[in-house]
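Since the structure comes first, as C-alpha cells, the remarks are kept for the end.
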Amino acid sequence: MTGLARLIEALLFLAPEPVPVDELADALQASEEDVTEALGELRHGLGGRGVVLREVGEGFALASHPDAEEAARRLLARPRTPSLTPAQAETLSIVAYLQPVSRPEVARIRGVASESAAAALTDRGLIEESGRSQFGAVLYRTTPLFLKLFGLKSVDDLPDPSAWDPSPEDEAALRDRLLRAGEERAQNAG
Amino acid sequence: MASAVHRLELDLDVFAGPFDLLLSLILREDVDLLEVELADIVVSYLDHLEASELLDLESATEFLVLIAALLELKSRLMLPGEELPELDELAPAEAAEELIERMLQYARFRGAGGHIAARHDDEQGHLYRSAPLPETLRRAPLAAARQAYDPTVLGASLGGLLRTPPPIDLQHMAMPRVSLSDRLAVLRGLLRRGAFSFEDAVRDADRMTVAVTVFALLELYKRGEAEWQQDEPFGEITVRGEAPAPALRAVAAARRDSVSRTVQK
Amino acid sequence: MTGLARLIEALLFLAPEPVPVDELADALQASEEDVTEALGELRHGLGGRGVVLREVGEGFALASHPDAEEAARRLLARPRTPSLTPAQAETLSIVAYLQPVSRPEVARIRGVASESAAAALTDRGLIEESGRSQFGAVLYRTTPLFLKLFGLKSVDDLPDPSAWDPSPEDEAALRDRLLRAGEERAQNAG
C-alpha cells in the first residue's frame, strides 16, 4: 500500500462521519486525483480484512465487516456496568428512594451540583427524566433496567435504609430529613 | 454568634463572600484551606476594623480564635502524618537523614515527572477513534441485562446522606493562660525603652501569648499609646510609643495600597 | 488473515474503549488462546498500514499510525492537548507511582500545596478521587484514560523511579553538607 493510501486509511479510521474527497485532499495536501487513486488502492488492500471501505452520500467511510455483526452485538449491545463512583451511588440512591425527585433537590441533598453524575446514570440507562416539577425543574426516576441490574422486582424491594441511619428514631419523612441534613452540612459553621 | 466577624466580606484569590461561608466551605472541603491565604483574611479584617472605626472587643476576640483555629488546621494539613517527628525535635544526624530522605524522594518524582511529560507528548501521535456506535448496536435489550450491582450500596449511600456534620470543635484550643493586662504591662515596659519590634515582644512565646499580645497592641493603639507599622505581609512589625496622633499605621501598612490614613475617634 | 483476526479487527474498530482478551473471547465464542493468537496475527497483518494495534490499560485498541497525525489533526480540527506543566507532571507521577495517595502526601513530597495541579489533572481525566484516607483526606488514583493516553498496559509498565535518583556521590555530598549544617546549628543553639 502506498503512503497516501495508508494515510487515508488512518483518516477514515478516525473520522466519525464520511469524508468527501476534497476534504481528504486538503488534509493530506494532495491532489484530488491522487486521493481518488489511493482510495481505489485502499479498497483493494482492505479485501479479506475486518473493515470495508464504503462510499456513503458525499464521502468515504470505513465500516466494520457485516460478518462481525453478531459478535459486535454480543460485545457492545449490552448494558455497561462499571462500578459506581461515590457521587453516582449517592445520586442514584436519592433518585431510587425519593422518586420522582427534582434536580435541585438532588443538589441540595448532596451539597454539590450533581449534573455529571446524573448524566452518567442517564447515559447508562439507570435513571431517566420523568417530566417536570411544578416549578419546571427536571424530575428523575429509575428505569426498568435499574431494577434488573440491581436484582430488584420493584422499588419497594429497596433495602430499608434504617440499617445505615445515624438517627433511626427520627420519624420525619425521609425526604425532609435528607433535605435538612443536606442544608445543615451546607450551613454548619459552628 | 452571628457577629460582625461572621459577616466579614472577603475577596480572596480562591473565594469571595462572607467569612462564615468560607469557614463552612473549608469544613466541607469545598475550598482547600491550603490554598487560602490567611494573611489576606487578616488584612480584610483590619480593613473592616478601619472602615467601621470601632474596635469591638468581643468580635476581635472571636476573630482571633477563629483565625488561630484555621492556622492550626492549615499547619496540620501541611505537615506529614502524626508519626513523623518535627525536624526540630530530632538530633542533627537524624534531622539530616530525614531531610535527605525527603530530598531524594522529591528528586525521584521530579525525574519521573519529566519522563511522564515527555511520554505524554510522544503518545499524542496515536489517535483513537471516537465515533458513535452504529444504530443497530446502540440500545441494549432489557432481557439481556443481569444483576450487576448490590442494592445495599444504595441503602449505605442514603444513610451517609442522613448524617449531619459535628459542629466545629474548638475544644482543643487552649484557654488563655495569659491575661491581657499581663501583656499590656509587658508592652508598656518595652515602650518606655523606645521603639521595638513585635518579634522582640513575643520571642519564644506560645501561640496564645502571641495572639493576646496582638490584642494588647490593638488596645494600646486604640488608647493612642502606641503606633505600629508593617511594611509587607509577614514583614517585621515595628512598634513605637506616644504616637503624635492616633494614626492607624499598622492597619494601613497591612493594606495592599499601603496608604496610611487617619482615623478619627 | 484468518476469520478470527478479521472479526477482532472489526470489533476493535467499533469498540469505544480498549477491549480485554476475555471479553473478545466471549463475544467471539472462542477460547482466549485462540483470541491471543489471532491478535498476534492482526498485529502482523497491520504492518505497513494506517492503523496499529495497541495494548493499553489491560485491553486492546486500534489507533491511527503516528505518520498520519498531522493530516488527521488538520482534518478533524483536533489540536494537540497542551504539554503537562512541571507541577502537573510531578503530581501525576506521584499519583501514578504511589496510588492511592492522599492530597497531603502529594503536598509533602512536592513541598507545596498541589491543588491546582491536581484539579487540572482531574479535569483532563488523568486522575480521579478514590475515596478518603483514615484521616479523611481525599485519595487520588490514575484513570483508565491515563493508561490509554500514555500508551501503558498498566502502571507497572512505568520505569523504575529509582532510575532518577541522584548518583551515590551526589547523595554522599548532600548528606555531608546537611550533617555539617546540622552540627553548626546544634552548637549555636547549645
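Order of writing sets the labels: A, B and C. Residues in every chain begin at 1.
As a working rule, a contact is a pair of C-beta atoms (placed from the backbone, for glycine too) under 8 Å apart; a residue touches a chain by one contact, two chains touch by 3 or more.
Worth saying up front: this structure is predicted, and the values here are computed from it rather than measured.
Asks: Just grab the chain with the largest centre-to-centre distance to chain B, centres being mean Cα coordinates.
Replies: A
Asks: Just to be sure I understand: the centre of a chain is the mean of its C-alpha atoms, right? Then which chain's centre is nearest the mean of all of them?
Replies: Checking distances from each chain centre to the full centroid gives C.
Asks: Just curious, how far off is chain C from chain B if you go by their C-alpha centres, in Å?
Replies: About 34 Å, centre to centre.
Asks: So how far apart, in whole Å, are chain A and chain C when each is placed at the average of its C-alpha atoms?
Replies: 24
Asks: Just how far, in Å, is the C-alpha centre of chain B from the one of chain A?
Replies: 40
Asks: Chain C: which residues touch two or more other chains?
Replies: 13-14, 62, 64-65, 68, 72 - these are the residues of chain C that touch more than one other chain.
Asks: At which residue positions does chain B touch at least two other chains?
Replies: 127-130, 133-134, 137
Asks: Show which residues of chain A lie in contact with chain C when the two form their complex.
Replies: Listed in rising order, the residues of chain A that touch chain C are 1, 3, 5-11, 13-15, 19, 23-24, 26-29, 45, 48-51, 62, 64-65, 67-68, 71-72, 74-76, 85-86.
Asks: Touching chain B in the complex: which residues of chain A?
Replies: 13-16, 63-64, 69, 72-73, 76-79, 81, 84, 86, 89-90, 92-94, 96-97, 109-112, 125, 144-145, 148-152, 157-161, 163-167, 177-178, 181-182, 184-190
Asks: Chain C touches which residues of chain B in the complex?
Replies: Answer in residue numbers: 29, 32, 34-35, 77-81, 91-93, 95-97, 99-100, 102-117, 119-121, 123-130, 133-134, 137.
Asks: Help me check something: in the complex, which residues belonging to chain B touch chain A?
Replies: 1, 6, 20-21, 23-24, 27-28, 30, 127-134, 136-142, 144-165, 167-168, 170
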